[in-house]
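After this come two complexes, each holding chain A, first together with chain B and then together with chain C.
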Partner chain A sequence: MRFVLASARKDLRRIGRDRIALLSWLGIPVFIGVLMTALFGRGSVTPQGRLLVADEDASLVSSLVSNAFTQGQLGQMFQVEKVKQEDGRRRIGRGDASALLIIPKGFGQAFLKSEPARLQLLTNPSQQILPAIVAETLSILLEGAFYLQLVVGDELKLIAQGPPVGAGSFPDKTIADLSVRLNRLGEKLGAYLDPPLLELETSVVEEKPGIRGGFAAAFLPGALFMAVLFVAQGMVFDFWKERSHGTLRRLVVTGSRVEAFLAGKAMAAGMVLAMVAVVGLACARWLVQMPVSQPLVAVVWMTLSGTTLFLLLAIVALAASTERAASMLTSFVVLPLMMLGGSLFPFEAMPEGLARIGRLTPNGWALAQFRAHLDGSAESASVAAAFAGALLVATVTFAACSRRLRRFAV
Partner chain B sequence: MFRAREAWLWTFIMPVIFFYFIGTITGGFAPSTTARESIGVLTPPDAGFLGDHLVARLGRHYDVVRVTDAAELARHRRRLVIPAGFTAQVLAAKPVKIAFTRTGGGLGAEYDQIRLQRAVYSVLADLVATATEGGAPTAQDLAAIDRKPRALTLEVTAAGRRQRIPTGFEQAVPGTMVMFTLLVLFTSGAVTLAIERNQGILRRMASSAISRGSMVLGKWMGRLALGLVQIAFAMITGSLLFGVHWGPSLPAVLVVLTVYAALAAALGMLLGNFLATEKQVIGIGVLATNAMAALGGCWWPIEITPRWVQGMALLFPTGWAMDAMHKLVSFGLGPAAVAPHLAVMTAAALVAGWLVARWFRFQ
Partner chain C sequence: MIEVEQLRKVFGELVAIDGATFTARAGEIFGLLGPNGAGKSTTIGCISGLLTPTSGRVRVTGHDVVRESKAARQALGVVPQEIALYEDLSAWENLEYWAGAQGMRGSPMRPRIQEVLELAGLQDRAREPVKRFSGGMKRRLNFACGIVHRPRVLLLDEPTVGVDPQSRVRLLDLVREQARSGTCVLYTTHYMEEAESLCDLLAIIDHGRLIAQGTLAELRGMLGERDLLRLAGTFPPEAARRALDGLGGIEVVQWDESQLVLSLVDASSRLAAIFATLAAAGCELRGTRLTQPSLESLFIKLTGKELRE
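On to the complex of A and B.
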């Protein structure tokens, strides 16, 4: 046991000497947490852009059109900016906004008189979401205008004509007639609209369980396992360093047990991983404000599963013919694992097929368990089974790794 | 650098895998506004003409698949149920609920909600419009409304010269290529400098007759060559495997990417010059690349980020490169549109190169 501890202490000292490298490992979850929280807050993603409006009509009707984008959810998405048409065309031409809406002169009168008029929308081709929202909203507004013209077209025309020549306002009789007509129309339409005869009931069935805490919370657990993979990959190169320094040869000659040496390395890796876990969970709890219902279990799980991943990667690194080949082989293993295993994109964002494969990868499986510890959905029996499974894999990989290490040393 | 197999891995293999992976996933970030999606509609036999009318309205936005039983309906991602006796109930002025179920949430679900509401409430509006004429609405009345010309219309065109909006891989490949060029030059490009210094190679070179400037220039050119090979490979792969169209100004695209690679090479050398060990270079290089890629718009459509991030994108080389690519590829603009981008990236490359030459560490 003393040799195991001495081996671990030596590795930890060596890691501690390269503080910038250590900080960069610890920095991955912090960086992802800070970045995602800063970019998307703690809620869901809302696209944001600028809508340029060249309102050449400057009427009440045209202002109703542009004001539609300043209310409610659309108001959160769009910053509406009034511009001259030429300026707007120049700006949308260089991608300065999501779209340019041109409301032609006479649009308001055309609406009231049911005459033809055309809105022009120039969209930014480098954006997909916001221009589509503007186009859809405008087309709904125009459809609404069409029905208004059908239902109260005559009344609108009357208003558009304005008061008789020489009069400052409409005659009382006209106002009274209009009121009576609108009242009768209201009575007639009440049967359809109060309450609405047709109602749409929408429900969304989540195909994948959602994560509380929004976009940042969806990314952070995967980022933690990305750090785990980087730490594991960074630490397996130590075997090559030990060989080039002659440590392994001396180890074999002195009769010390290779298993104890490997256990020391695994212990050092486990301690670094525990540090990453603590920093990551602190970020999750206080920065991203996501639920961390079983912090201790989560830290222990990340340490155990991370150490197992370290041993798995060690087998790959020890199988290589040179240090460079080890670097390439481990990269070749780590990156696809990272992609599929939910570290670059959460499983929720992946197509179902890829996500299913990803959950079967060692890190993907460990990540799924880790998330269950965070949100408290893991049951005692499944936690025990997961720990037992990870321990079993760790034992088997440890045995395989120490066998390989004995040959690697000489 | 090309003797190192990692450089081959990062230059030729990983980018292709990432193109596929990121293109597949980020393609789902935005709801499809161009491809028609399907919807399953359970239409009972007694739904009547209003049921047909609603299906016709849905057909303006979706490929409608009429089904007759729940099991068949369950196979669809979007499922709409028109209730039994639909027309009869509506004509009897009894409120009717139309149930829509969608598998999977997100922006796509919100977009469906808008389209569905539009279809349902325009049917209601048709009823209201026919009611003003008096009498119960008929299929002929609704058809007559449909035939009426719309006085107010909307004309939507894409700004710039290119009329086809790039989606899917055409969005993902340029972003991934810009990120990987930086990643390779910040890791492989920078780490070799640290290794050469730690192995004493740079010290031996310092004692030779080569000037400091020549040596820095030579090393920079080697890294630039690595970046250019990667860019050329990524563009060929992007065109052949992922159908990326690089816009009408291909030479300008090549110039932009060359200048970007020159800047990334110079920045990578700065990193390798000031950091001491390989682990430091790789750790900081990976973090810096990811930060610049995220904030510069390589990871996701920049429109999903807050306005302050969109404004910040031009603080990073990735932001300048992506903006220039959008102008040339998405807008189809000419070379003049990217003159500021070229000027800024060239100036930044010269400054970074001067800094490396001025404070080059031989040991």
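On to the complex of A and C.
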């Protein structure tokens, strides 16, 4: 046991002196956390754009058109700003907004009289989504206006003509006549438009646990396991370094066992992984405000599963015939594992079939468990089973590694 | 201390060691002398337990290196040919690690590390990373790591390769000190002068076979105080041989059309006669070199080639 500790201390000293490697390992979760926060903020994500409206008509109808963009979800998506046409054109030319809507003078009257009218929409070509949303919304509004004219076109024309010449308002007969016509129309359309009467009973069965904190929080646990894979891959190359420096051959002829040497390496890897876990979870908690309900269990899990991944990659590296082959082989293993195992894309963003496969990869499975520790959804029995499973795999891979290491040294 | 009996190691088609037998005792420096690729490092590998012998037996302090490998390895200190150190650790940290690997622990370790650093002349640089050391300093530390645990048997595989003269003298002194303290030292080298000045017993190895062994005096006796005369030029085969046979007391060690190596007593006094005889036989001489009896001349006599070839 003493040589295990001495071996781990030796490796930790060497890692500590390779500051670039250490900083890059510790920096991966910090960097990704900061990047995610900068890109997507701490909450849920809604893209925001600016819609410029040059309303030269200033009528009730034109106000209805521009106000359509301030309602509901569109209101969260767009900031509507009224501008003069020239100013609007200048700003859209500079790319200062997503779109410019020009409502010409006389648009309201033309609509009421069922006469042709023209709206002008200038879009920002450097943006894809938001200008398309504005165009689509306008198209829906115009379609609605067309059907409104078909149904109540005469009434609208009557309103557009205004009161008889010399009268301040419409005569009572006209108003009564208009009311009766609109009422009858309403009754006639009611059969088609009124929804059937339903009694809706609602009850909350269970609130679905989800990761609060938006996309960044969904991405960060995967990023931490990306760091785990980088650390594991970086550290397995040390076997090749020790071989080329002759220290591994020298060790084999000492009184110590290669198992103790390997255990020291695994212990050092575990300690580096624990550091990465602590730094990563601190970033997750304070930068992205990700919930970390069982921090200690999460750190221990990341350390254990990461050490197991280190041993699995060690088998791959030790099986290679040259250092270069080891580098290529481990990369061939690590890159697909990252892509499938939820490190590059969260499982939620993957097609269901791929996500299912990803959760079956060693790192994907470990990541799924890790997320359960973070959001507190893991039950004691499943936590114990996961730890036992990881320990079993670690023991088997350790035995395989130490068997291979003896031949590898010579 | 080291008993090697009929040791044979085969790698595929290659016979690296073929029936080597020798014994090295406590307090002795046993030299294994041979050119590169002769089988010296393979012999060290089999003794240290790094390689498993194909056949034969090796014992270290009475323990069979295959069946009682742990006990055998605990008695061993190995200084490999390559500099097997952690370059980003300090000299102290390297010694601490290798002492731990050899089972040293607790309070005796610190004073021993200090002592070994002084022996190697590195006490002032103990806390510096090894990567800042010169080649000679690294060699001395490499040696120090092999003796830090006070081994009873020390295997040194060409420890002075690429070392500056000052560090070489220091290293050889360190080897002598180890032997004086009762350690059995097995020393491989292809430097004749090192072997001559250092070793109590010597074995000459070539192509995996031990071709001679004994003390330096015994080996010199095998040569019979004969000088080696190396002649370069053009030598028609049969005519030259007949002419030399006529002179008497001359042994032809190596012969081809451009080089002739002769072994004879008191060669300097017979040079004129040899030159005249060869000239009369139609030989053309372009160069001459006379070597006094030495390990080198013995090696040439035994193998027909120079050690550095």
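Quick note on the criterion: the second predicted complex is superposed on the first by the 270 of 410 C-alpha atoms of A that agree within 3 Å, B and C clash if a C-alpha of one lies under 4 Å from a C-alpha of the other, contacts with A are read in each partner's own complex, and residues count from 1 in each chain.
The criterion applied here is as follows: contacts are C-beta pairs under 8 Å (C-beta built on N, C-alpha and C of every residue); 3 or more make two chains touch, one makes a residue touch a chain.
Owing to the predicted nature of the structure, the values given are computational and were not obtained by experimental measurement.
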item	value
Dominant contact partner of chain A by residue count, chain C or chain B	B
Partner chain in contact with A:V410 - chain B first, chain C second, else both or neither	second
Chain B versus chain C as contact partner of A:D18, first or second or both or neither	both
Touched partner set for A:A6, first chain B, second chain C, both or neither	second
Contacts of A:L335 with chain B and chain C, given as first, second, both or neither	first
Contacts of A:V252 with chain B and chain C, given as first, second, both or neither	second
Touching partner for A:K173 - first (chain B), second (chain C), both, neither	neither
Shared chain A contacts, counted only where both chain B and chain C touch the same residue	18
Of all residues in chain C, those that touch chain A in their complex	45, 48-51, 70, 73-74, 76, 78, 80, 82-89, 93, 96-98, 100-103, 105, 129, 145
Complex contacts: residues of chain B adjacent to chain A	4-6, 9-10, 13-14, 17-18, 21-22, 24-25, 28-31, 33, 90, 93-105, 107, 109, 111, 113-118, 120-125, 127-129, 131-132, 145, 148, 150-160, 162, 165-167, 171, 275-277, 279-280, 282-284, 286-287, 290-291, 294-295, 301, 303-307, 309-310, 323, 326-327, 330-333, 337
Chain A - residues contacting chain C, complex	2-3, 6-7, 10, 13-14, 17-18, 245-247, 249-256, 409-410
Chain B partner contacts - residues on chain A that touch it in the complex	18, 20-21, 23-25, 27-28, 31, 35, 38-40, 45-50, 79, 89, 92-95, 98, 100, 107, 110-111, 114-130, 132, 135-136, 138-140, 142-147, 149-151, 185, 188-189, 191-193, 195-208, 210, 230, 234, 324-325, 327-328, 331-332, 335-336, 339, 344-345, 349-351, 354
